[in-house]
Amino acid sequence: MVRRALALPSGRIAAGILAAIALLAILGPFLAPYDPLAGGAEILAGPSGAHWLGTDYLGRDVFSRLLDGSRVSVLGSVQVSLVALIAGVIPGILSVYLGPAFEWVTLRLADTLIALPFLVFAVAVTALLGNGIPQAMFTVGIMISPLFFRVSRAATLSVARSPYVEAALISGASIGWVVRKHVWVKVLPPVAVALANTAGVGFVVVSSLTFLGIGVQPPAPTWGGVLAADLGYLSFRPWAPLVPTALIMATVWACNLLADVIRDVSGPTFLLRRGRNVHSQSA
Amino acid sequence: MSLLEISDLDVHYRRRTGRLHALRSASLSLSPGETVGIIGETGSGKSTLARAILGLVRPSAGKIVIDGADVAAFTPRQWRELRRRGTVQYVFQDPLRSLDPDLTIFDSLAEPLRIHGSADIPDKVHKILARVRLEQVLLDRLPGELSGGQRQRVAVARALITEPRLVLLDEPVSALDSANRVQILELLKQLRDAGTALLFISHDLGSVAGVADRIAVLYRGEIVEDRAAASVINEPAHPYTKLLVSSAPTLRSAAAGRAARSELRNLLDLEGASA
Amino acid sequence: MSILSLRDVRVSLDREIVHGVTFDLEPGGVVGIVGESGSGKTLTCRAALGILPEGFTVSGGSISLDGHDVASLSSKQWTALRGSTISAVFQDPASYLNPSLTIGSQIAEVAQVKLGLRRRALKARTLQLLDAVRLSSAVHGQYPHELSGGMLQRALIATAIAAEPKILIADEATTALDVTVQAEILDLLAELRESTGLALVVVSHDLAVVAQVCDEVLVMRAGEVVEQGPVEKILYRPDHEYTRLLIEEHESYGLERYLVTP
């Protein structure tokens, strides 16, 4: 699937952007020309040779803060996606097989999580568990997990009732066999699409939360935090919010593009092998 | 001794509108090498009967004795053990949907053997493929790359690979064109001659007439007729069987039975209304 | 004079797929086309209805419908002819009915658009049509999901004949149905033909189905008409080996094996 995705131009663009962001997350803190936490004499300065993106209201170098904040932002998004993936997919598949009681409980739980307002809940939980990136991202991941639950459950259901699964059962296959040999492959593509989408959503959420001051405490830099600081001084540096906004948007857009690409390349396998021209009608 | 002995089988389905009585005290027996046709329309209970024999639905009353063991009360574990022996197999109506689209033909054919844990899997797969007259090159293809007739032969081959003693077939030829239909039916005849018992399920008397020794007619969950094929076709007793025989399109009978059919339909409607 | 006449009709996509079909349908007559999927029987019907799929064209021959050469028809004229002169029913009735509208309103829609009927007359006509296809008047207020396959096909036939067409094309209209229901639909078509003079084109993969209702039969294979003639000739004196194969299959595997030939 990876090879097929990269064969498409849109797949290469999405992968390129995401690789650049990942590189930024890894190397960013080392590349920062200034200490992102150290203030200076010049406050709210415009771009210059010394400060490429100017300085903020405490005189800190904005370029350094963005580079340094990239790691927290990206890691947060990855954590959200992984928590949502694990908390959603496993119950999603099992809900089909572990009997009506388990099914009922997981379905109600998923509905309840969907009904809760997302950011408000995240704020409430961080108030409870203490304010930190891992707690906040864990909460957000759980909040998003119903998406994975539904996607994987729907895919499992469509496979579970198919004649080829019944054929395996008639030959004496166990549920574990059916999940390993038939269900898993069918659940993977829609989950991959959901994962790419969630990574985008996770990014926005991390940025929103840090924008609201939840998760990461100032003065530690994040993209959302830089954006919030820039917005407070719009009259001095009206162009400044564009930079973190562009970074966040590019990442989210690349995630969504990747989701589309995965959807496109994960159709029935035989359609992709059609080039071999093997529709022999002969007996 | 009979291979399959069903007596007084009742199956209910729970529906939102109440309980649906899908099978009413159905009895049927099948000896090795015998071919029985189960004829019934949509909703007559014919698929339910097959699913009960396969352990996919649980009967509410009655006995199903397969090879000496009453399976009606089997636990899931007992079912798995019975199934792994490969005594009973099933051929689905729709060959495309009964093969996993992501598995190659080899993997689909090998699956029952792998579940079973048999040895010499490639050897057995090659042999069974030759038996259904398919070329070896098809083994690494996917179901979507085969023609309808080839797919149905793969589905039959998968059922035969465990050397079953009883094969249930649900409309195995209705999706096929003439040439392929003849080939599948020939194959089934050979199987019967080799001593395998076949249970042919169809809505169409005509598609079963050519291969069945006996025909059982299911109507509204009851077996209303169970006799030798020639006798059922030439001297149908139940009004539904009469309608069935006069409805089956044949080359020689023409439209002679229109008035008779209309009368039979009215009769059955009255019966259904009073039941 | 024939109401539908095809003269060496050819249908092409990139290359020619249907290689010349010729037949004449008289008012009240029945022509049958037998062939497997891919034989070109459906494309031939669609050409006669002017609804060939995207990219397909009538690349040769002529089709004359109720005296009009269809090649010269504008799309507006075509729309006027469809329903009121020529109509069709297909294999899967459920996909041709709107699941969120009652059966009655879908039949009435055709009568309203094509015949310009209003309110009382429209309701009366709808009930009359339901009666003609042997459906009870209760079906008028029911939705498609409440009906069985056979009832849906009847409802679809009612919409197809709502504007009193002269020709009805039944393309595999009974294929997905139980045998007893198939006979009901075939009986219904025969009745409609007798009572209204409706001319029929019956298309099926099963020679026996076509033999039940048709006067003239075309046997098609791979876009070619391999044999054509009166039904007795096709059944009892087939010339082409493919026709013989179709008959042979019935004789050795069908009911014919047991039935005593009268």
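As written, the chains take the letters A, B and C, and residue 1 is the first residue of each chain.
In the analysis below, contacts are C-beta pairs under 8 Å (C-beta built on N, C-alpha and C of every residue); 3 or more make two chains touch, one makes a residue touch a chain.
Computed from a predicted structure; not experimentally measured.
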| item | value |
| --- | --- |
| Per-chain CA centroid nearest to the all-protein CA mean | B |
| Selected pair, greater C-beta contact count between B-C and A-B | B-C |
| Where chain A and chain C are represented by their mean Cα positions, the distance between them in whole Å | 54 |
| Whole-Å gap separating chain A and chain B, where each centre is the average of the chain's CA atoms | 49 |
| Geometric centre distance via CA averages, chain C-chain B, whole Å | 32 |
| Contacts with 2+ other chains: residues of chain B | 179 |
| Two or more partner chains touched - positions in chain A | none |
| Complex contact set, residues of chain B against chain C | 41-42, 177-179, 181-182, 185, 203-207, 209-211, 229-230, 233-234, 243-255, 258, 261-262, 265 |
| Residues of chain A defined as touching chain B within the complex | 162-164, 166-174, 177, 181-182, 185-186, 268-271, 273, 276, 278-281, 283 |
| Chain B - residues contacting chain A, complex | 54, 56, 80-86, 88-90, 92, 94, 97-103, 108, 111-112, 115-116, 133, 141-145, 147, 149-150, 158, 162, 179-180, 183 |
| Contacting residues of chain C [partner chain B, same complex] | 36-37, 148-149, 178-184, 186-187, 190, 205-209, 211-213, 235, 245-247, 249-262 |
